[in-house]
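Consider the two complexes below, in which chain A is the common component and chain B and chain C are the respective partners.
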Partner chain A sequence: MLRQPATSTQITHLDRLWLYVLCGLVIVFLIAPTLLVIPMSFSDSRYLSFPPESWSLRWYRAYFGSLEWRDATVVSLQAAFLTTIVATVTGTLAAYGLHLARSGAGRLVQVALTLPMMIPVILLAIGIFLFFAPLELNNSLSGLVLAHTVLALPLVLISVTAGFKSFDMNQEMVARSMGASRPRAFLTVTLPQIRNSVISGALLAFITSLDEVVIGLLIAGGDKATLTRRMFLALRDEIDPTIAAISSLLIVLSIVLLAVSQYFQSEPRD
Partner chain B sequence: MTLALDQIAAGGTASGANEEALRRQAHGERRSMLALTLPALLLVGFVVLIPIAWLFWLSFVDKSGFTLIHYQRLLHPTYLLTLRTTFELAFTVTVVCLLLGYPLAYLASQLPRRWASLVLLCVLFPFWTSLLVRTYAWLVLLQRRGLVNTWLQKLGIIEEPLRLVHNFTGTAIGMTHIMLPFMVLPLYATMKTISEDYMRAAANLGASPIRAFWQIYVPLSFPGLAAGLIVVFVLSLGFYVTPALLGGGRVMMWAMQIERSTTVYADWGAASAMGVVLLVITLGILWLVAKLTGSAKLGEAR
Partner chain C sequence: MATPADAPAAGGNRSASLPITIERLVKSYGSFKALDDVSLSIRSGEFITLLGPSGSGKTTLLMVLAGFVRPQSGSVRFADREVVLLPPHKRDIGMVFQNYALFPHMTVAGNLAYPLKLRNVPAREIAGRVERALDLIQLSAFGERRIDQLSGGQRQRVALARAVIFEPRILLMDEPLSALDKNLREQMQLEVRRLHDRLGMTTVYVTHDQREALTMSDRIAVINRGRVVQLDRPRELYERPATHFVASFIGESSTLPIEVRDGRPSFAGAPLLSAAPAPASSASSFLVLRPEKLRLLADAAPAEANVIAGHVRQNVFQGDSIVTYVRTASDHEIAIRRSLRTDEVLPEMGTAVRVGFSAEDAIIVPADADAPQTGRS
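Let's look at the complex of A and B:
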């Protein structure tokens, strides 16, 4: 089998065995370190070893038993849910408007809305920190949601815009010619058909907010500290094994969200 | 309604005056559609544009009014060293990402569908996992008594544990891991569009596989290559989290300097000036590349 050609130019699999080996190693490099955290989080010792010498749920108990960690988790989840709602609604509306407008001004709006992706996050973070200070939006949930929404908005916009590209707008027009108002036509005809790209966008928005560190570090202090902020500060001082337990939970959540998004992407759109 | 109106107008079924009115109405309706982007625009304006403008303003003023002092202070050797470290790290990470990412994207683009999507899933997985979690994983693996050192010692490759973390090496390893998907995904997208016929034609004309690869394949992959390189380089320049943790305070990045000026010294002038410098460098690179690839495309068309 190795002697069979791998490409149309007759290079055999054997000739490029090195390529397969290299790529295998790169894939291990990409996923192994993250996945190793999960078994290590069940280790009993402070120096997380692999494989663990003795297994225990010690670090999970430490996480669930700590009021600080629990509070931070609640703040992070609240922020992520609110961000998802605001970013998905405004992002979908904007994608709809831009898709129908098709004008020069629309291009400019599109650039403005994707701007948050191009600006280094640290810059956004200090800009927001300095601007929110006099408005007393720092250390508040609304401030955090506003900041995270702006980060998530471009992702929703891109995802939903892609959805509109494979949707035939004439369908909405038919609905309206039969007497449906524009909002009703959009909600009953268009939205169900671009559903998958809206869901993909919403999932991206959720994970963006949940994983965000830098802005949270600057503007989410006091009792509004996010999970990632607490994790970052704990890691800067010493390697607290409790973080292995939290990380494992986050990894499992990521896998679930990735699976859900893949499911919605693989489903035929129409 | 726009499209139907357009069709009627184009078909000439309406009379001249009607046509004009219809067109105007269609135009007006399109413009009103743009109003739907207002909530999003207001958000971006309030959370991005005003704060960045505010930052610009702060970087040029002090108690006495307009000043360039904040920028002059950036010429101090400490800041210049930070800038150098930042560029060195960004450059190293970009090169390593290229060396690891190009072969992977190349192979993935040629694999049968099922295998290719498996590889892509492995590339997407880190994308969906928290940046902090991945950085933490490296911190645990690379520490003195960590997995990498223990295994290397067990295998007899090294006697003493290596210093793999809280230095340049550890930071570069962690950043490469974070940045690799940004290199692979655009490369893969471009390579998928390169037809095998080109390579076959090159082989027919007598080119060796290696020559055909370098002369035909690599140039055809330039769009994805350029996109990957820029994204990785630009993101690395402004990177904060991973260097802050894996560098252990010994590797000072520009972004860390900004954060320190803001939170530790409350020196807002310096922080703003550094922020503006980072923004100008970032947007400068993006602009330059857009210009270069834009003219390259024109050259192709000719």
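Let's look at the complex of A and C:
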């Protein structure tokens, strides 16, 4: 630690104390509510309470023992996997096309694809609901996957577009001149080099679908209820500490996936 | 292709090269013509260079040959085969880019093996051919290195080897040496040329460095504003430039405006003797003088065919030679390059001198149709 300035212009840690305190407060406010739920999930009480008076795993047992919760989990995981596949493939292709297209039309398409990020999700959800109704896509897995793809695709697009920025397209041209068809050149030369941005986009897509609740509330009813939808409804009817257990599991999963995604984003290409 | 040349080239029986015929190519971007009616016949096994200033259309022409740019009209034939609509990966050409475009996610050996794998060459044969290629570029110990562990010159060699390892019959190179420093560049010029002579494929080379073009090429196509201005061997191009643009773009020269009347050229009122027939009659022609072909005449020297009087303006010492700038009475400048003997005394500034040159060295060119350019002196 630097207590005394080595030169007259150097800023010591003491000078920056206020900054550290401020940062600490911001972090606490951001993270505390999230972490609060974890001790609550190990409570023995019938109601959500903090701090818990006694500890137990009963709410985890309740979650794993319930058929309803298990069905909802299966739906959520199916939706998340399928959304990841659809959003990653289409998002990567879109990023590729937009990277090559230098025209104004390309920029318009880019804006159109990232629009769902700007619009309030509730509006998006209502629009999707009305749009799906005549197509009978509401309360179906394919409808859910399509809707979640709308949310996830911009994330893949942004991540992969960033990946292309540091990729030299001449490499793909040289591969094609040596006899590789365009898809083959992409798969053997381009994709391995933008791999990290694709993986990190895919993980973001997965989390987006898994955590999504608003659209799920409107279009995922009946036996296609997602985990988050069921949690929300359970929270409304009665405060069931099972939710705390599920939330804790989701938090851990999200943190792991985000960490993995960060790892792939920051790792230098080899 | 129906030729037996398609068989694996183990025996070396396959003909090593193809002639390229380019006819009436037009490529425009909006109203701008990047290629404006380009026709070019390239012989089998020839080393031809596309030379021209920045933005003249060299890369565009190369990309049309490679298949990455589709022209609006015109034809490109490899031997008798029309290829203008053929996708790049079916053209069987080798390419070297200015930035090498090596694959950083593969080793050096992986880069060299890539085109062979695409051709389903058996693994054992690939290993042998990669090894021989590494030998050829003197990087035998570098097969397992990553690309970012190579120097610029080594990358250049790998890019070159990768472009020829599958024995393409046409090799295209776009300013492949421009990222190297001067010494390495000159060394690589000779290496590239030797590789061409050894493998014998038809080579189209792009550069905007006229000295590089003169050094390496069998023939040079000078390109300006999307047109081929002159196609000739280096020496002819240098000694018989067809236009003012070619004369000023290739080599150093002094250009003086002259008059031509009834086929007789004159400068500042004095008649000129020229070996080549002067353009019929034109108010705007130029006399092109190469600095190393001129002499500073001593009083006692035998008279040359042509003599122009002036005053010494400046002497520039360049080590192996000295350039003397002479200002003529008509207020034009002429550069004269000579090698000096150690005991020779330089003419002082302001000294009245006479510049002499033979009829053979009096090059007369018409002004360019568009925007006349002044010569670099």
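Please note the rule applied: the second predicted complex is superposed on the first by the 246 of 270 C-alpha atoms of A that agree within 3 Å, B and C clash if a C-alpha of one lies under 4 Å from a C-alpha of the other, contacts with A are read in each partner's own complex, and residues count from 1 in each chain.
Methods note: a contact is a pair of C-beta atoms (placed from the backbone, for glycine too) under 8 Å apart; a residue touches a chain by one contact, two chains touch by 3 or more.
Here the structure is a predicted model, which is why all the values come from computation and not from measurement.
Engineer: Judging by the criteria at the top, classify the pair chain B and chain C on chain A as clash or fit.
Structural biologist: They clash.
Engineer: Give one of first, second, both or neither to describe whether A:192 is in contact with chain B, with chain C, with both, or with none.
Structural biologist: After superposition on chain A, A:192 lies in contact with chain C alone.
Engineer: Just to be sure I read the superposition right, which of the two partners does A:184 touch: chain B = first, chain C = second, or both, or neither?
Structural biologist: second
Engineer: Counting only touches as set out at the top, which of chain B and chain C does A:176 meet: first, second, both, neither?
Structural biologist: So A:176 meets both chain B and chain C here.
Engineer: A:152 contacts which: chain B (first), chain C (second), both, neither?
Structural biologist: After superposing on A, A:152 lies clear of both chain B and chain C.
Engineer: On the A-aligned overlay, A:79 touches which partner chain: chain B = first, chain C = second, or both, or neither?
Structural biologist: neither
Engineer: Counting touched residues of chain A, say whether chain B or chain C comes out ahead.
Structural biologist: With both complexes superposed on chain A, more residues of chain A are touched by B.
Engineer: Report for A:225: first if it touches chain B alone, second if chain C alone, otherwise both or neither.
Structural biologist: neither
Engineer: What is the contact status of A:103 with respect to chain B (first) and chain C (second): first, second, both, or neither?
Structural biologist: first
Engineer: Pick one for A:211: touches chain B only (first), chain C only (second), both, or neither.
Structural biologist: In the superposition, A:211 touches chain B alone.
Engineer: Could you point to the stretch of chain B, among 6-14, 60-68, 132-140 or 150-158, that collides with chain C in the superposition?
Structural biologist: It is 6-14; the other listed stretches have no clashes.
Engineer: Based on the A-chain superposition described above, do chain B and chain C contact any of the same residues on chain A, and if so which?
Structural biologist: 170, 173, 176-177
Engineer: Using the touch definition up top, name the residues of chain C that touch chain A in the complex.
Structural biologist: Contacts found on chain C: 66-68, 87-95, 97, 99, 101-105, 114-115, 118-119, 146, 162-163, 166, 172.
Engineer: Which of the residues in chain B come into contact with chain A in the complex?
Structural biologist: Residue list for chain B touching chain A: 1-4, 30-31, 33-37, 39-41, 43-44, 46-52, 54-55, 58, 100-101, 103-104, 106-108, 110, 119, 121-126, 128-141, 143, 145, 147, 150, 177, 180-181, 196, 199-200, 202-203, 209, 212, 234-235, 237-238, 240-241, 244-245, 255, 258-259, 262-263, 268, 271-272, 275, 278-279, 282-283, 286.
Engineer: Within the complex, which stretch of chain A touches chain B?
Structural biologist: Residues in contact with chain B: 6-11, 19-20, 22-23, 26-27, 29-31, 33-34, 36-37, 40, 47-50, 86, 89-91, 93-94, 96-98, 100-103, 105-106, 109, 112-113, 115-116, 118-132, 146-147, 149-150, 153, 157, 169-170, 173, 176-177, 207, 210-211, 213-214, 217-218, 228, 231-232, 235-236, 239, 243-244, 247, 250-251, 254-255, 257-258, 261-262.
Engineer: Which residues of chain A touch chain C in their complex?
Structural biologist: 168, 170-171, 173-182, 184-185, 188-189, 192-193, 269-270
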